[in-house]
């Protein structure tokens, strides 16, 4: 049953599948939120979702527009202050998976959400790091979701907002960071995982119908592939239903623009 | 001991030209009405601190209230850019805006340290990011036991903290509930504080033994402004008006449309409009 | 994910010989039943951490469970000395007890730092006292901004934390209310944790949005022991049995009377006696 | 109306009188608790009482036996965690008056609650510092209540648990401490205040019927007197009534031994 689906949908669903029932997940707004909630509503009903606004073990019925929507608090086990969230829960090492995205990513999955162009004379001033710099290093591992394109997938970041695998190899360990960093990068075209040695993000699975040429055309560095590259299983009808119903509920709750994400 | 004042009096007594001001609220309980009053009173040369400067700081920056911004995430949540903030940083309009940029963890720790009376916050942070290259305030200490290098930032000690809360009681104590953000810390870290509330009640009544309450003697001024967080929300009073966050993207994109909106909706208005906004929201929901 | 076990199983799986153990409770919610079970199981060579070692630590020390005590106030609150603790320190009975002595502020900060995953706590403390002369763990750092010397202590990272709480729900989440002490921090700072509770409920029901809850995945084992804090108290369940604190002064003064009491009331008993104590307390109150 | 009263009663009441309606007071168990509550029930109804167990603005109807009795929590405005109490409330500089007592005091009002004899080979092991080391330096000022006697009022402390005026003069300032330290020492015989220059605790008021000889006989150093020494006003009937009713209520609630304090 491979219903027709959009690139955004397979991206969200492929990310959702990587989440486990026992994960404690630090969720960002947008696609990470959609992916985490799809996981919760399909194969991982026991997953714990935490948003940086302080909501612990929240079970929203619609996707929040902001990281601190009342819906998150209403459906949470409890809500803690933001200093406590960052000290006891994130820095305390209690989060197994953090989700990140960004305006720019490089081949070691370092991310830029700060600025395009020079910091002091920006071409585009982006919102900034928010929780990302510490999410990147305090969570057990990091999943990244980003639509692929040459503007975002760049040879060199204008600014490193959050550490991925740095310059590759054992760079994280050399910096004293004990967590795994980005273990999975899901795009609208394919799935990358870090090479075990070099830590360069390497394509391990290509979404149905996508070509290697397409992938390279949308990437600002020479793309590497794993020895065995799989084809991403297309979204199942159930996965698509859950995702679309979630977006539909969200749109009804928030008004039309909510599913732009 | 807190005093109950009109919003105009409260802003006048708490927020002064040249102050370092924290107007906090983490999506929930953002003090929009107080921000509008600061704009109406024409405050200048403020250093604005906030983890998530959003619409109200965009408005204050666009109206020229701020010389400096200390922040960790400056966007319109769920929507996109803050155009007035970008215009100030990218083009210096209406004038140059200095920025001091942090991560959320750093900002939250800096408030915590401020509330705790410490000169600096110590945490595990900033490893492998470029932020310390552009922010000389980010330093480090070495753990005397493990040798680990830990990040430090100066504690936030604002001249004034401005927050919106659910209610005050007759003694001037203030209750918050729901998403608490860093508001308690901001008030405790500040020299002066202003809390706008939805209502004043005789007594908070039955509540958790561990409710988040700011005692009267930690607050300088209280102003009763029903709807004062709109278009943000107040748990149990009204929900977030998401449509306006999206609308703001269009209003704020150009300087002219921004100024026209501010003139009509802020400069020419009083705090009463917030109660009207919330009434309209309720009617729409029925 | 927490597992619900009998108290005997829970203690066996969480507290091991040679462990560093925090059995916390600040007057309220002291885990007496769990302490008795540790004694019955004959644990040895423990390092006991607690801000306010009181009766239950006096008993464990007198029964020879502990090699070391990390603490800040060791007395029988409102009554006087802990005679078993004093006998251990002053006379090495039943064997030598090493002590590491702090202030409350240091201990509270050390738990906070442990919960926060930091290697050390930083605070303004110990100025002008002799404690740093007798405790080499007390060190300092210099604030990179102000030059102020701030005290440090190593974070508490116990092998096991043992606390008593009000209730658990079917999913194994744990609720505390009232005087919270450092229990949440102790559990979050520890590698393993055991929580005794008054009862298990299907659902916590209506509660503060900001209730103090330990999610299931932060707790190793839960044991249902009604009355498990007696003679301490559990907010909303039973009050503190002050008479026993006074009585303990007499029981514990001499080694023989202490040992006789322990034999009769701990070694020869099961956790069920705690429910009986509380029932008796209720009947007496009627 | 000078009803007959006990030395303990005038000590408690003289301490109570020094508290102001606008004070935020960090209260210890025993006499400080009695004094603070007498103040609250007489001339200072607006006083805020904080106990280190985390109870903020508590209004107990009976005196707590321990620092964390349920009564304190039941009647509090709110109750915070102990780390928060020590970080935000005590270290945060929000307490105007702290109460301390001890087993030993010296003429600069340094206190020992740790040990009599050498630390490693104690003659008497006392409970220890508890909150005192930081209370002594973080509160705006310190009131001390202690029954006078040669065992407690000593020439040299065996151990300095909490700083008073150190070695006198500007010693606190030299240590970087910005608070006033002990401004008042109330005993069962008299009231001491620090000399403005030397900071030596100096008798400023003598309780009715007490002689200078008695004071000296109960003090392990050469007692100094202020230029003007007052006679402490005897407890009023109202003050005694309030104190005695408080103790009676407490005794009924806790059983007989509660008024041993």
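Residue numbering begins at 1 within each chain, and the chains themselves are lettered A, B, C and D in the order written.
Note that a contact is a pair of C-beta atoms (placed from the backbone, for glycine too) under 8 Å apart; a residue touches a chain by one contact, two chains touch by 3 or more.
These figures come from a predicted structure and were not determined experimentally.
The chains touching subunit A as well as subunit D are B, C. Minimum number of contact steps separating subunit B from subunit D: 1. When the interfaces A-B and A-C are ranked by how many C-beta pairs touch across them, A-B comes first. The distance from the centre of subunit C to the centre of subunit D, with each centre set as the mean of the Cα atoms, comes to 28 Å. If you average the Cα atoms of subunit B and of subunit C, the two centres end up 39 Å apart. Within subunit B, residues 112, 116-118, 123-124, 148, 178, 180, 185, 209-212, 235 each touch two or more of the remaining chains. Residues of subunit D in contact with two or more other chains: 73, 79-80, 87, 91, 138. Chain-to-chain contact here is organised irregularly, matching neither a line nor a ring nor a star, and falling short of all pairs touching. Applying the touch definition to every pair of chains gives A-B, A-C, B-C, B-D, C-D.
Contact residues on subunit D toward subunit C in their complex (touch as defined above): 29-30, 52-55, 64-70, 72-73, 79-83, 85-87, 90-91, 110, 114, 119-120, 122-134, 136-138, 159-163, 166, 171-172, 175-177, 254-255, 257-258.
Put simply, subunit A touches subunit C in their complex at residues 22, 24, 48, 56-57, 73-74, 76-80, 87-88, 91-94, 138.
Those residues of subunit C whose C-beta lies close enough to touch subunit A in the complex are 1, 112, 115-118, 173, 185, 188, 209-213, 215, 217-218. Subunit C contributes residues 26-28, 51-52, 71-75, 77-78, 81-82, 85-86, 89-90, 101-105, 108-109, 111-112, 123-131, 134, 148-149, 178-182, 184-185, 212, 233, 235, 239-240, 242-243, 245-246 to its touches with subunit D in the complex. Contact residues of subunit C toward subunit B in the complex are 116-120, 122-124, 139-146, 148, 150, 152, 154, 177-178, 180, 207-212, 235.
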